[in-house]
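The following pair of complexes shares a single chain, chain A, combined with chain B in the former and chain C in the latter.
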Partner chain A sequence: MMYQNACSKARLLQQINEVSFAIDDLLLYLDTHPCCEKGMALYRDYTEKRKKLMKEYAQCYGPLTIDDAIENSADTWKWMEQPFPWEREGGCR
Partner chain B sequence: MENYPMNRSCGRPYHATCGMAKVQPPVASCRCEAERNRQSCACRLPGTVTKNAEMYTHADHLEPAMAYVPCQQFTNTYDLCYALNAGTIFPQLCKPFCGKRGGQR
Partner chain C sequence: MWNYEKRLQYPINIKTPNAKIAQYIMSQYGGPDGEIGASLRYLSQRFAMPNRMATAVLNDVGTEELAHLEMVSTIVHQLTRDLSMEEIEKSGFGPYYIDHTVGIWPQAAGGIPFNACEFQSKGDPITDLFEDLAAEQKARATYDNILRVVRNIPEIADPIRFLRAREVVHFQRFGEALRSVQEQLDSKNFYAFNPDFDMPCEASCKNN
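Moving on, here comes the complex of A and B:
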């Protein structure tokens, strides 16, 4: 169960990294092609997908950015309590 | 990622690339020969059958001895997982450097 949890957490983070990179690459394209409808459509798709993934991650494992800080179902402020992705689970404290 | 070469030092998901093919093509003496030499390139756009047919056809009518920066056209994009490894979502921009130790291998 523990391993499965870590696995899905890593997979979710990987998906966020992939779609975030695609958005970064796409915005460079749109800088020089501001009227490209296909590019804009793909940008909308990817940003929507990224929002969903970020929200899902925040709900399951804690927020990655301050924008998702209150997505967690708990009533208390969890921002400082959960380890950040670059920290080992509890190892760097 | 069917093309991912696990044993290559450059670690990119392609085995031969536009302008960076493993075997250096001989110097072309005419445009026809240059066209034949380009057939060895393995880069292709998603959903296409022929290798690099789309990659250089736009350059055929350009004047030699001039420098060009063609405007990028929107095409199909790589899958997200593949794009992160390749470093771009656009097949047109997939131009990795696979040279090694001062020479091309």
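Moving on, here comes the complex of A and C:
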């Protein structure tokens, strides 16, 4: 069970990284091609997916960004407890 | 204003420390073509851009560079975490260790501290955008130099390849931003004036 949890957490984070990267790249592209309909449609699609994934992650594993800091039902401040992205799993460094 | 996310733009998970390679890679944090310089260059230059497109490209690329400096410092941190004293002494990491232990500090691979003279902000959009194109190529060349050293270590080479690819994309976007500024210049007076200072162009800013 523990293993499965860790596994889906990692998979969810990977999905977030993937859609977020598509958005990072489309953002720069649209800055110089603001009338590209295909680019706009992709951007709309990816941002919708990203919003859903970010909320799901916050509800299951804690917030990745302060906009989602109170998405889960915990009554303590989870944002501070979330690991920083350079840390080794289970450690603080 | 910025919003922080507790994740890297591209994941990094380095398990084997390597002090020598850490010393090479830290150059892309605080070195002459590093990510701190890139970020400060674009975020400073954006104030003098004459149209919305060029300002947006500088703003958004400058923001992405913040994510890149976090990636490079993560690589250096993970490569120096759990180093033995023996490896510190024999790898050539000693001088850095004496001043910073294994903390993250912005310097070039050769030990020169980061300073703002590594970039310009000239207040002239054509001048600045040409510098930005060169800056992306210099950073790309540095990542190529690093890749020749780390090509057989996938946990390091992977994120470095990602960063290298972003330099190529940014070069492309800066080229488009430069074209947008050049197209708004007076053709009889192409390089004779500073389009920001002498003759501000408001073409794409009307009604906004």
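By definition in this document, the second predicted complex is superposed on the first by the 85 of 93 C-alpha atoms of A that agree within 3 Å, B and C clash if a C-alpha of one lies under 4 Å from a C-alpha of the other, contacts with A are read in each partner's own complex, and residues count from 1 in each chain.
We adopt the following convention: contacts are C-beta pairs under 8 Å (C-beta built on N, C-alpha and C of every residue); 3 or more make two chains touch, one makes a residue touch a chain.
On a predicted model such as this, the values are computed, not experimentally measured, just so you know.
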{"item": "First, second, both or neither for A:Ile66, with chain B first and chain C second", "value": "second"}
{"item": "Touched partner set for A:Asp31, first chain B, second chain C, both or neither", "value": "second"}
{"item": "Partner chain(s) touched by A:Ala58 [first = chain B, second = chain C, both, neither]", "value": "neither"}
{"item": "First, second, both or neither for A:Trp86, with chain B first and chain C second", "value": "second"}
{"item": "Partner chain in contact with A:Ala22 - chain B first, chain C second, else both or neither", "value": "first"}
{"item": "Which superposed partner A:Leu13 touches (first chain B, second chain C, both, neither)", "value": "second"}
{"item": "Dominant toucher of chain A (residue count), chain B or chain C", "value": "C"}
{"item": "Chain B/chain C common contact set on chain A", "value": "17, 21, 25, 29, 32-33"}
{"item": "Chain C residues within the chain A interface of the complex", "value": "3-12, 53, 56-57, 60-61, 64, 70, 73-74, 77-78, 81, 169-170, 173, 176-177, 180"}
{"item": "Contacting residues of chain A [partner chain B, same complex]", "value": "15, 17-19, 21-22, 25-26, 29, 32-33, 36, 38-39, 42"}
{"item": "Residue ranges of chain A in contact with chain C within the complex", "value": "13-14, 16-17, 20-21, 24-25, 27-29, 31-34, 63-67, 82-86, 88, 93"}
{"item": "Contacting residues of chain B [partner chain A, same complex]", "value": "71-72, 74, 77, 80-81, 83-84, 88-90"}
